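Labels run A, B, C and D following the written order; every chain starts at residue 1.
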Amino acid sequence: MTIEEGIGAGAQGRAPRPPIEIPAAAWLALTLVFVAVCLVVARGPVAVGQTTLNGLIAAGYFSLGAVGLTLVFGTLRIINFAHGDLLTLGAYLTFGLNAMGAPFWPAAAVAIALTALIALSLDYVIWAPLRRARTSTLQAMLAAIGLAMVIRFTVQFFAGSQVRGVGQDVLSSINIGPLHLGSLQALVLVVGVVASTLVGLGLAFTRLGKQIRALSDNMALAEVAGIDTARAIRVVWIVAGGLAALAGILFAAAVGSVNPNFGFFTLLSLFTAAVLGGIGNAYGALVGGLVIGLAQEWSTLFVNPRWKPVVGFAILIVVLLVLPRGIFGGSRERS
Amino acid sequence: MKARTHPALLSVEAVVKRFGGVAALRSATFAVARGSITALIGPNGAGKTTMLDLISGYDRPSSGAIRFDGRRIDGLATHRIARKGVVRTFQLTRVFAAMSVRDNMLVGAQKHPGERLHQIAFGRAAVRHAEAEALERAERLLSAFALSDKGDHYAGALSGGQRKLLELARALMAAPRLVLLDEPMAGVNRALGRRLLDEVERLRREQGMTFLFIEHDMDVVMTRADQVVVMAEGAVVAAGPPSIIRRDPRVLDAYLGRKANAA
Amino acid sequence: MNRRQSLLAAVAVATVALGWGPVRAEDGVTLTIGKLLELTGPLSENGPSQDKAITIAVDYANQAAAAAGVPIKVSAVSADAQGDPQAALSAARALVAKGASAIIGPSITPESIAIANGLTIQKRISLWPVGTSTRLRTIKDEGTIFRTVPPDSLQAYALAAAVVDKVGDPKGKLLSIAYRNEPYGEGLAKDLKAAWTAKGGTIQGPVVFDPAQATFDSEAQQVVDHNPDAYVVIDYPDTFAKFGASLVRTGNYDAAKLVVPDALAFSTVPGNIPPPALEGARGTRGGSDISTDAYKLFDQLWQKAGGVEHFALDANSFDSTTLVVLAAAAAHSTDPAALTAKIRDVAKPGAPKFGPTTLGEALKAAWSGKPIDYVGVAGAFEFADNGDPTISRFDIYEYKGGKLDVIKQIDAAK
Amino acid sequence: MTFLNLDFWIGVGVIAGIYGIFVLGLQLNVGFTGIINLGQAGFMAIGAYAMGMLVVDAGWPMALAFPAAVGVAVGAGLLVGLPTLRLRADYFGIVTIAFSEIVRYVLQNASFAGGNQGVIGYDAEWRAFQSWVSPHLKPLGLDRATQAPLLIAVWAMLFLCVCGLKALQASPWGRALRAIREDEDAAAALGKNVFAFKLQSLGLAAALAAIAGFFLALNVTYLYPSEFDLSFTFFGYAALLLGGFASYAGAALGAVVLCALTEGLRFLDLPLSSGQVGSLRMILVGLMLVGLSLYRPEGLLGNRSEMQLRA
C-alpha cells in the first residue's frame, strides 16, 4: 500500500470502521429468526425452544472466551494460541487460592487480577520483543504455541492432570415453562453478553477505545498520529487476560469439573467465534459465538450430536469464503 | 482478422474509482500514443498512482473502461495484463529483498518453460535454453543500468537509487510494449537519472516501447516527454505536448489548487 | 565373529554382570514393571489414577512378599504415552530400555496395537492394555497380550441382564442408550443394542456425545425424551461429571433408571460427579466370589495412599500388576519371555484360588512352582488364548450413599 | 547403559524421518511460498486412510495403493486451496485448521472409514517384506531390531524428497515461488499467476504429507483418527522453526533434533512423580519454541541476514 494510498485511505473513507454495521446485524438477526421459525415448524416449539436456550448458553461460553482473543488478534495481529490456556490459568489460580482457604468468588476476583497481570508481563517478555524485531505473523504464532504449552503444562505440573471438581452448584436450574437452563449457565450467558457489549462500547465511545481501534487498523500510522501505543497495548492485554480468566472460572464453575486441558480444547471454538464475527470486533465475538452456539445445538435436532463439532468448523469455512473478513468484517479486502 | 492497430496504444475512458464514500478518480479520460513517452503530472492526491494501479490491474475501476491495443483490460488480473506486455514499477520500489539481483532479473522473464512443473520434468532442453537466453538478456540490462557488478548481491542490500534502477531493468526483462513508471527518478542521483532517461529513449527508438511515467520534476517533463497529461482532484484537466501544456492556465490552477474547470 | 558382533557381545555381558539384564540367580528376583501412562495429551485425566493403582499394587506386593518370605522385590518405571500411538510406541521402548519386564497400560486400543506389532510381540514382552476394542483381537499376539477388562461382548450381556433385573421383561420396554464418542462406548453400545433388541426390547438412540464439548444439555435431553424405562450411559468419569449434571438439569431424569458399565464403577464415587446423577443407579463390573472383600481391601489401600480419587478401570491395573508379580515369582526370573510364559499358570482354571487378601500365600505357592488361580479385585481372569478373561461372571452393583454395593452376581454367558 | 538402547533410537529415527517428510511440505509452503498451511495433519490423514482403505476394502496391492493415496491427497490439497488461497494469510491458516479438524471428525464418525474402529490389516505386504529383509541386516547388527527396515525405508524416502525439492527450488519454478514469498504484488506485476503457484505449492505439500502418513501408518500398524490431530502439525512447525525457514535440509535436521530431544527426555529421572516428569518434558519443548522465536528466529540453519532484509 503506497503512502499516498495509505494516507488517502486513512483520511478518506476507511477511518477505523464504526463498531456496528447496522445492515449486517439486522440481516443476520433476520436469518436467525427465519431459521428458528422453520425449525419450530419441523420439530415443535419445546424442542426448538430448549435447543435455542442451549445454543444461547454455548454462545455465552464462546463469546466470553472470544472477546479477549479477538481484541489481541485484531490489535496486535497475534494468533494467540495461548489464549485458551489463560482460561485454564484463571480457573486453576482460583482453585489454588480456594484451597488456601479463600472462599470461591473472592478467590476468583484475585485470580482474574493475577491472570491479567501475567498476560501483561508476558507482553513485556515475549510479545514486545517480537514486535520490536518486526517478526512475521508466523513467528508470533509459533511463540504462542510454545507459550500455550508452557502455561498448560506448568498448571499440570502443580495441579496434576486428574479431573477436579469445582464444587459449585451445577444442578440448580431455572425453569421457563417447559424449558430449563442451569443457573450458573445463565450467569455465563449474561456475563458473556455484558462483557462483549461493554468491550464493544468501550472500543466505540471511549478515547482509549478509539486509540486501540486505530492501533488495530495501522500500528505505524497510530504511532505517527501521536497515540500512546504502549499504554493502549497494556490495556489490551489487561482486558484480554482478565476476560480470559473470568471466562475460564465461569466455564469451570458452570461445567462442574475440569482438567488442565479444558482451556486448550475450547480454543478452536473461540477462534471460530472470533473469526466468524470479524477479527478485532468485540460485538463480532458475541455474534460469532451466537451463530456457532445456535447452529451446533440446532443441528442436534436433525443429526446425531456426534457431528456437533463438525458443524462449527463447517460454518467457519463457509462464512469465511462468503465474507472473508467475517460477518462484521465487511466485504473482500486486499491482504 | 489482424488486430486493428489503434493510433492510441492505451486509452482510458471515463474511469471512476471510489474508496468507500470518496472518489479518488472522478471520470478521467486520456490516451497514450503508440511509441510515445508520456508524462502524467499533477499535485499530490490527484490520483496519479491510483490511475497506474487501475491500468496495471492492481485495482479495479468502479466504472469506465481501459483499453490496451483496442481491447479492454480493466477487468483482468494483474498477471494477465502483464503478460499482454504492460509492466509497471512502484512508487515505493518493490524488489525481492532476500533474493540476489540476478535472481530478481530472472523472475522478470516471461513464458519461461522452467516455471511449469511438467516442463521441468519432461522439457529439460527447452528449460535450459530459455534459462540461458534469460540470463544473457539479464546481463545486458544490468550493464545498461550500471548494475552488472551487483549480480550476486542481495537486492535488499542495494542503495535506494540502485533499487529503482533494478526495478526498471527487471520490468524490461519482459520485453514489454507499455511500461508504467511511478516516479522513476525519485532518489536517483542526477547522472544515473540522465542515464535512465537515455535508456528509455533508446528503447523507444530501437524497440518502439511506449512509456507512461509519473514525474514531479518539471524540467524533466518539459525536455523528455513528448506528451503530457495533467491530473488534479481525480480528473484530467489538460493533455498535449509540453510546449502547449507549459502555457495552459488550467495547469497553473491545478497546482495552485484553484477550482479549474475540467478539460 | 566380526568386530561389530564382538562389541555387541561385550556390551551384553557387561549388562548381565551389572544385574541390569535378565537374572536367573536363585537368591532373588528384582522385578521392574513398566507403567505406560497417559500423562499428557487428550487422555491425561486417566494417567494419575492408573499411576496410583499400579504403585499401590507394587507396594502391596512388596509387603506381601516380605511377609511371606518370598525373595522378590518389585519396582516400577513410567513413560508417557501422550494419547498418541507413535509416542506410546517410543514410550514402550523406553520402558524396555529401563529394564521393564512387562508393560501395564496403555489405555486406548490404537496405542496397544502399535506397541504390540512394533515391539512386544516380537520380544515376547507381556502387554496389559486397558482398552476393550474388539480390534485388539484381530492381531496375532502369540500369547503376549492379557486383558483384565472384560470384552465388550460379555459385558453387553451383563448390562442387558442388569436392565432386565431392574425393569423386568424387555418386551415393549424402551431403553435409551448414550455413549462417549470412542471405541469403548461404540463397541459396548453396538453389542448392547443387539442383546436388548434380541430380547424384544426397543432402543432409543444411541446418542453419541463428543467429550470436548462446552455443553451437553441437548444430548442429555435426547436421552430422557419419551420417558424411557431405563437408560444406559457408557462414559468415563471426567465427561460423566458434566453429562450427569446435564441429565439432572433436564428435570425428568431418575438416576434409579440408570445402568452404567465398569468404567463408571468406583468403590466410592469421586467428588466431582454430582451425587443425584448416580445415587440409586446400577452398574456392571467383572465379578468373582470374593468381590466384596477384595474391593474393600483395594479401597482401603486406595484411601490410605491418599492422592487422586478413583477414576476408570483402576482396579484392572491393580490386578494386572499383581499378576505380573505372581508370574515373575513363578518364573523365578525377570526375563520378559519367561515371565510371559508363566502368566497362564498363575490364573489357571481349577488351580487353588487366591485373592488380594491372600497374596502372600499366592506368592509362596507361585514361587514353589505350583499353578494357582489368582482372582483379582476386578474379577476372575483365566485368560483365553487371545488374552481375554474367559470368566463371564459379573457383579451387578448399586450406588447407595456414594458407595458401591454389590447386590447380585450373574453369568453373562447364559 | 539403558539410554543407548538400539531399539529405542531406531524407533526415534523412524519418527524423526516421518516428521522430516511431513515438515518438508511445511517448508515448501511457509519457507518458500509464504502460505501458512495449518492443515497438514489433515492431508496426512487423507493420504494414510486412502492407502489403508484401498488395501483393506478395495483389495489393492500396497505398491499401487500408496501412489494412488498420494494422488488423493494432492486432489484434496487443490480442492481446499481453490476457494481459500485468496484469503489473508492468517485467515487461510485458521481455515486450514478447520479443514484438518473436519477431516479428523469425519474419519471418527463416518462409517466408510471404520469410525472408532479404525482401519487395520493394510500392512501385511510390508510386514512380509520386513521379515524377509531383517535377516539380511545381520552384518549391520540390526537383524534383531524391530523397525530397522522401516528406518531405512523412511530415511531413503526423506533423502529422495530433499533432493527432489532442492532441484525444484533451484529451478525457475522455485525462483518464482520465492519471489511470491517476497512480494506477491510485485511478482504478479511481472506476469506470475500467484494463485496458480500457491495452489501447486499446497498440492505438493499435501503429497509430502501423504507420504509421511503412509510411513506413519506402517509404524503404528493401525489407523485411528486421533493419530492426526492438531498437535502433530504444531510439533511439525516446532521442528520447522528449529531447523530454520531457509532450507529443506534444515527442515529435516530440525525434525531429527526435536525428536531426539523430546524422546531423549524420557530418560530424565528426577525425584518427581511420573505426571510431573511428563509435564516437564512438554514445558521444555514449549520453552524451546518461545526461546527460538525470540532469540534465534532463523533456527539452526537459516541465515539471519536474509530474514532482516525481509523485515
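The definition used in the following text is that a residue touches a chain if its C-beta (ideal position, glycine included) is under 8 Å from a C-beta of that chain, and two chains touch if they have at least 3 such contacts.
Predicted model, so just to flag it, every value in this text is computed and none were measured.
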Q.
Strictly by the touch rule at the top, which chains does chain A share as contacts with chain B?
A. D
Q: Give me the ID of the chain with the smallest distance between its Cα centroid and the all-protein Cα centroid.
A: D
**Q.** Of B-D and A-D, whichever chain pair has more C-beta contact pairs
**A.** A-D
Q) Measuring from the mean C-alpha position of chain B to the mean C-alpha position of chain D, what distance in angstrom results? A) 43
Q) With chain centres defined as C-alpha means, what is the inter-centre distance between chain B and chain C in Å? A) 75
Q: Report the inter-chain centroid distance for chain A and chain D in whole angstrom, where each centroid is the mean of the CA atoms.
A: 31
Q: Could you grab the centroid distance between chain C and chain D? Build each centroid from C-alpha atoms only and quote it in angstrom.
A: 34
Q. At which residue positions does chain B touch at least two other chains?
A. 90
Q: Provide the list of chain C residues touching at least two other chains, using ranges where the numbers run on.
A: 39-40, 42, 44, 47-48, 181, 208
Q | Junction residues of chain A, two or more chains touched | A | 153, 156, 160-161, 304, 306, 309
(Q) Quick check on the complex: what are the chain C residues that touch chain A? (A) 39-40, 42, 44-45, 47-49, 181, 207-210, 212-215, 217-219, 221-222, 237-238, 241-242, 245, 248-251, 270-274, 276, 308-309, 311
Q. Which of the residues in chain A come into contact with chain D in the complex?
A. 73, 77, 79, 81, 126, 129-130, 133-135, 137-143, 145-150, 152-154, 156-157, 160-161, 268, 271-272, 275, 304, 306-307, 309-310, 313-314, 316-317, 320-321, 324, 333, 335
Q) Hey, which residues of chain D end up touching chain B in the complex? A) 168, 171-173, 175-176, 178-179, 182-183, 185-194, 200, 305-307, 309-310
Q) Which residues of chain C touch chain D in their complex? A) 2, 4-5, 8, 20, 35, 37, 39-42, 44, 47-48, 51, 78-80, 82-86, 89-91, 93-94, 96-99, 108-110, 113-114, 117-119, 122-123, 133-135, 138-139, 181-183, 185-187, 208
Q) What residues on chain D touch chain C, complex-wise? A) 2-3, 5, 7-8, 11-12, 15, 18, 108-109, 115-118, 120-121, 127, 139-141, 146-147, 216, 219-222, 224, 226-227, 229, 231-232, 263, 266-267, 273-275, 277-279, 281-282
